[in-house]
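Heads up, the next two complexes both have subunit A, just with different partners, subunit B and then subunit C.
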Partner chain A sequence: MNSFINALPGAAAQGLIWGVMAIGLYITYRLLNISDLTVDGSFCTGGAVGVMLIMNGWNVWFALLAAILVGMLTGMVTGLLHTSCGIPAILSGILTQLGLWSVNLAIMGMKANQSINVNKYKLLVSLRYLQDFNKGKRTFLEHPIFVVGMITLALIAVLYWFFGTELGSSLRATGSNPSMARAQGINTNRNIVLGLMVSNGLVALSGALLAQYQSFADINMGRGAIVIGLAAVIIGEVIFGKLFRNFAFKLLGVSLGAIIYYVVIQAVVSLSGINSNYLKLLSAIIVGLFLAVPYWKGKYFAKAARKGGSAHA
Partner chain B sequence: MLEIKNIFKTFNPGTVNQKTALNGVSLTLNEGDFVTVIGGNGAGKSTLLNAVAGTWLVDSGSISIGGVDVTHLPEHKRAKFIGRVFQDPMLGTAATMQIEENLALAQRRGKPRTLHAGITAGEREQYKELLKTLGLGLEERLTARVGLLSGGQRQALTLLMATLQKPKLLLLDEHTAALDPKTAAKVLEATQTIVSRDNLTTLMITHNMRDAITYGNRLIMMYEGKIAVDVSGEDKKNLTVEDLMQMFEKAAGAALANDRLLLG
Partner chain C sequence: MKKGFAILMALCLLLGCVPALADELYRVGVCQHIQHEALDEATQGFIDALTAEIGDEVSIEIQNASGDNGVCLAIISDFVSNDVDLILANSTPSLQAAYAATSDIPVLGTSITEYCVALGLDGFNDVSGSNISGTSDLAPLDQQAALITELFPQAQKVAILYCSAEPNSLYQVEIVTAELEKLGISVKPFSFVDVNEMSLIAQEACDYADVIYTPTDNTIAASAGILDNICHPAGKPVITGDTGTCRTAGAAVLGISYYELGSLTGRMAASILKEETDISTLPIAYAENVTKYYNPAICEALGITIPDGFTALPAN
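Showing the complex of A and B:
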C-alpha cells in the first residue's frame, strides 16, 4: 500500500503527459471521426526528435517546438494518403506508422534507445525533479505535475479558442457531417489533413515530454499509444461526461481520464503484484470492453430510437 | 442563371452495373425561374441535381452558374453559388453541433474560413429572428444540438441554411419526401415563401405530381437520363395530372409504369 501511495505522484505526472497525447487523439477520434493509427509512430517521433535535439544542445522549448512540427508532418502524410490518394483512414495511419518505425530509428542514429543525462542537460520535466521535490531540493514550480499541468491548461485554452473560430468550426462540421460541410463550401479534404496535423503535433509533444520525463526515447515507446489515448478519452467521458458539457472541460476530462488510467494501472501493479508485461493485455481488454458496452446497450437494451435522433452523435 | 449544355454521366462504365444516368441533358434557367422536376425512379432527377452541385464531375458537356463555368470545380467551390436541401434530413445539418453553429457555418458559405470567431453576438440575434419565421419554436433553442430535432425541424433548418446567404441557385432534392404529410406541407410552404421573397432560381425535384404542378413556373419531366417533357408559362398553369401522364406517354413512347409517379 505504501509503495502505491509513494508512486502516486509519478503515476499522476505520467498520466498528465499521456493526457496531452489523449487530447490530440480526441481531435481525430471524436471531432474528425477518424481512428488515427499514426499516433503509435508519431508519439515516438516526438520523443526521438526532442531527445536528440536536446542532446545536440538545443534549448528544451525549441526542441519541443521542433517535435510538434515534425509530428504535424507525420499527420500531414497520413492526411494526404487518405485524401489525395484515396486510402482508407485506418490504413493510411498504419502505413505512416510503419514507415515511421524506420524514420524514428534514423532520427535516433539507428539506435533503438537514446538516453539523456538529467545532470548534463536542462530539461523541462523529469522524474528526477519529482524525486528532488520530495527531498525538498526543488520548488513545486519545477514539479512535473505543475509544469505539465500548466502546459495542458495552455493547450486546452488554445484549442478552445481554435475550435470556436470559423476554421475550427468548419473542422468540427467536417467530422460531424461531410456532406453538409461540402454543401456549405467547406473543403473537407483540407480540414481532414489539418485536423490530423494538429492532432499528431500534440501527440509528438506528448512523446517529447515523456522522453524527457523518463530520460530516454525508445523505439517502442509509442506502441499501443492509441489504446492508451482511447482509454483516456473514454474514461474521461464516462466519469465527467455528465458534468462537463463545455468543450474546454471535455478536453480537461480527457486529461483527467489519462491520469485516472495511470493511477489505476499503478494500483494494479503495486497492489496485485501482476507482472507488468501483462499491462498491455489488460489495457486492450479494458478499452475493448468500454468500446463494446455502448454497442451492446444499443443492441440489447435499446429504447425505440427517435426519428431524426442523433445516430451520429 | 443556370446553363447546362449536353451533359452525360455514366456510372460504373465497363462493368455489368454500367448505367447511363444522364444522356445528353441541356437545360437553361433564367433568373427567378422555379422549375419542378419529376420522373420515375432512376430517370436521372437526382443525378441531374448532383451534377449541378458537383458531387462528382460529368463525363462531358458543360455547366455554368451565373455566367461562371463550374464544370470542373469541386463541390465545395461550387457551394458558393448553390444552396441545397437533401432528401435525407440527416444530410443537411451537423447533428453534433448546435442550431446556431449550423446557421453560422451556412452564413459563411463560399467564404474563406478564417481565425475570426465562428459566431458573433450580432448573428445570434439575427438567427433568432429568422428562426421565428419558421414557427417551430427553434428560436428558443439556439444552443440545442441539431441531433435532438425531428426530421421536419431539421429539414426546415436546412432550408433556412441553404438560403441564409442568397444563393444563385437553390437545389431541392425531394426535400419533403421523408416527412409526414403535415410537416411536408409546412416545409413546402416555407420553401415557397422564401423562394418568392428572394426571387431565387430554383430546381425542385418532387415525386408528387400535384406539387409539381402547383409550384413553380416551369415543369420538366425526366425519362431515361433525358428531359422528356418541358412545360412553362400559361401551359404549365393549366396543366392537370392527366395531361402530364399523356405527355409523358407520348414522349417516352410507353405507358407510365411507375406507381410512385401516380401518387397524389
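Showing the complex of A and C:
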C-alpha cells in the first residue's frame, strides 16, 4: 500500500500528460461526433518532432509549439481527406495514421527510437524530476504535476474562450446538428477540418510532453493511444458528468479521467501480488467496472418516481 | 458514485496481498518489457544466478509491462518510489524508462543491443559513469558476416530483412552491411513496418538474394513462422541474429544464449549488492561464448553442406 501511495505522483503526472491528449480526443469524439484514428499516428509525430528539435538545440517551448503545429497539419490531412475527397471520417483517420508511420520514421532520422538524455538537455518534464523533487533538489515549480497541470489549465482556458467565440460555437453546432448548421449558413466542412486540426495539435503536444517525460520517442508510442484517450474521456464523463456541467469543467473532467486511468494502472502494478502477465486483464476489469457501476446504479437502484415521470415526457 | 470507489478499493485491497518485506533483504525489481522467449530466458537466467549467489538475502519482484510503455513507466515508478536496491531492465524501453526515473538506484540492463544508442550518450565506451550497466545481446557482427560466407562461399547477394520499428535492428543492419561488403558481397536492406507487411517484403527479399540475413529483431522473432513459410519454399536459406528465430526459420546462427546473458547480469547484480561494486565503473558485459549453430532440419531440406565447427541447434 505504501509503495502505491509513493508511486501516485508518477501516475498522476503521466495521467495529466495523457489528459492533454484526451482533451484533444474529446473535441473530435464528443463535439464533432467523429472517431478520429489519426491520433495513434499524430501522438508519435508530436513526440518525434519535440525530441528531434530539442536535440537540435531548440528551446523546449518552441519545440512544443512546433509539435502542435505539425500535429495540426496531420489533422488537416485527415480533415481534407474526409471533406474534400469524400472518404468516411474513420477511414481518413486510418489512412493518415498509416502514412504517418513513414513520416514519423523520417522525422526521427529513419530510426525507430530516439533517446533524449535528461542529463544532456534541459527538459520541461521528466520522470527524473519527480525523484529530484523528493530529494529536495528541485522546487515544486519544476515538478511535472505542477508544470503539466498549469499547461492543462492554460489549454482549458484557451479552449473555453475559443469555443465561446462565433467560430467555436459554429464548430460545436457542426457536431451536434450538421444539417441545421448548414441551414444557418455555417461552412461545416471547414469546421470539421478545423476541429480535427485543433484536436491533433493537442494530441501532438501530449506526445511531445510524454516523450520528454519518458526521455525517448518511439515509433510505437502512439499505438493504442485512442483506447487510452477514449477510456479517459468516458471515465471523466462517468465520474464527473453530474458534477461538471460547465464546458471548462467538462474538459477538466476528461483530464481527471486520464489521471484516474493511470492511478488504476499503478494500483494494479503496485498492489497486486499476482503474476504480472495478468496485468492487462486486471486493468480491463477495473476500467470496465468503472464504466458499468453507474449503469447498474441507474438500472437497479433508480428511484421509482423517475419511471412515472418519463410517461409525461 | 461512492459505491464505485468502494468496490474499486475493496478490489484493490483483495489484490493487495503484498508480503511485508523484512528490512535486511536486498530488494530487486525486474521490469521486462514484453512476453517474449528470449526476454523470458534472460529474466530466468538473472533470477537463477542471483538466487544461486545470494538467494537467502534477496527478494525479487518480477513485473512484465506486456509491451505497453505506459505500464512500463508505472512499473518503474513503483520500483523507484519503493526505493528498491537494484533494478533489472530487460530490453531497451525498460532501460530508457529506468534511466529517466532514477539517477542513483543501480540499473542493470539485459537483452540490450547498444547502450549508447538506447541512452542517447555520446562517446560511451562500455562504462557509463552513471547508475547504468548491464549486458549486451550483440553477437560479434563481423563474425556473423563471416559465418555467412563460410557457410555459403558461392553467395553473391545477401538481403537483410528487418522491421523499421525496432530501435536496434538498423544499427546491426548498417554494421553487417559494411562487413559483408568488405567481403565482396552485394547487400540490399529490406525493411517492413509490421507483421502484416512482413510476408510481402520477405518474398521480395527471396526474389533478390541468395541468402537472407535477419538481425536480432523482435518482430521477426515473434513471427518466425511467416519467415519460414516464405523462405523455405523459395529455397533461400536464412541466417538469423538470434537462436529462437533460427529454431523455426533459420539455417544457421551465431548463437548467444539469453539465459547465459541473464545469469551474467545476475552475477553482476550480486556483486553490486553484496560486494558494493560501484556500478558506474562496471563495464557493459557481452556473452562469453558464441557458438556456430545450424538447424539440421532446414539445412537438410535445402541441401546445405555443413562445414566443420558447426553444432546442431539443440531442440528447445
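The definition used in the following text is that the second predicted complex is superposed on the first by the 272 of 313 C-alpha atoms of A that agree within 3 Å, B and C clash if a C-alpha of one lies under 4 Å from a C-alpha of the other, contacts with A are read in each partner's own complex, and residues count from 1 in each chain.
Convention: a residue touches a chain if its C-beta (ideal position, glycine included) is under 8 Å from a C-beta of that chain, and two chains touch if they have at least 3 such contacts.
Keep in mind the model is a prediction, meaning the values are calculated, not measured.
Q: Looking at A:Arg172 after the superposition, I want to know if it touches subunit B, subunit C, both of them or none. Which is it: first, second, both, neither?
A: Once the two structures are laid over each other on A, A:Arg172 reaches subunit B alone.
Q: Quick check on the superposed pair: does A:Ile239 touch subunit B, subunit C, both, or neither? Answer first, second, both or neither.
A: The second partner, subunit C, only.
Q: Once chain A of both complexes is superposed, is A:Leu105 in touch with subunit B (first), subunit C (second), both, or neither?
A: In the superposed model, A:Leu105 contacts subunit C only, not subunit B.
Q: When the two structures are overlaid on chain A, which partner does A:Val198 contact: first (subunit B), second (subunit C), both, or neither?
A: neither
Q: Pick one for A:Leu251: touches subunit B only (first), subunit C only (second), both, or neither.
A: A:Leu251 sits against neither subunit B nor subunit C.
Q: Return the chain, subunit B or subunit C, that is in touch with more residues of subunit A.
A: Comparing touch counts on subunit A for subunit B and subunit C gives C.
Q: Contacts for A:Val269 in the overlay, against subunit B (first) and subunit C (second): which applies, first, second, both or neither?
A: Second partner only.
Q: Looking at A:Leu37, would you say it contacts subunit B, subunit C, both, or neither? Reply first, second, both or neither.
A: neither
Q: Which residues of subunit A are in contact with subunit B in one complex and with subunit C in the other?
A: none
Q: Taking the touch rule as given, give the residues of subunit A at its contact with subunit B in the complex, in rising order.
A: Residue positions touching the partner: 162, 164-170, 172-173, 176-177, 179-188, 306-313.
Q: Per the contact definition, I'd like the list of subunit C residues that touch subunit A in the complex.
A: 1, 3-4, 7-8, 11-13, 15-19, 35, 62-66, 68-71, 73-78, 80-82, 92-93, 96-97, 99-104, 117-121, 130, 164-167, 169-170, 193
Q: For subunit A, which residues count as touching subunit C in their complex?
A: 1, 3-4, 6-7, 9-11, 14, 18, 101-102, 105, 110-120, 126-128, 130-131, 213-216, 218-221, 224, 228, 239, 242, 262, 264-274, 276-277, 279-280, 282, 286, 289-290, 293-294, 297
Q: Contact residues on subunit B for subunit A in the complex?
A: Within the complex, subunit B contacts subunit A at residues 53, 75-77, 79-80, 82, 84, 86, 89-97, 101-102, 104-106, 108-111, 113-119, 145, 147-154, 161-162.
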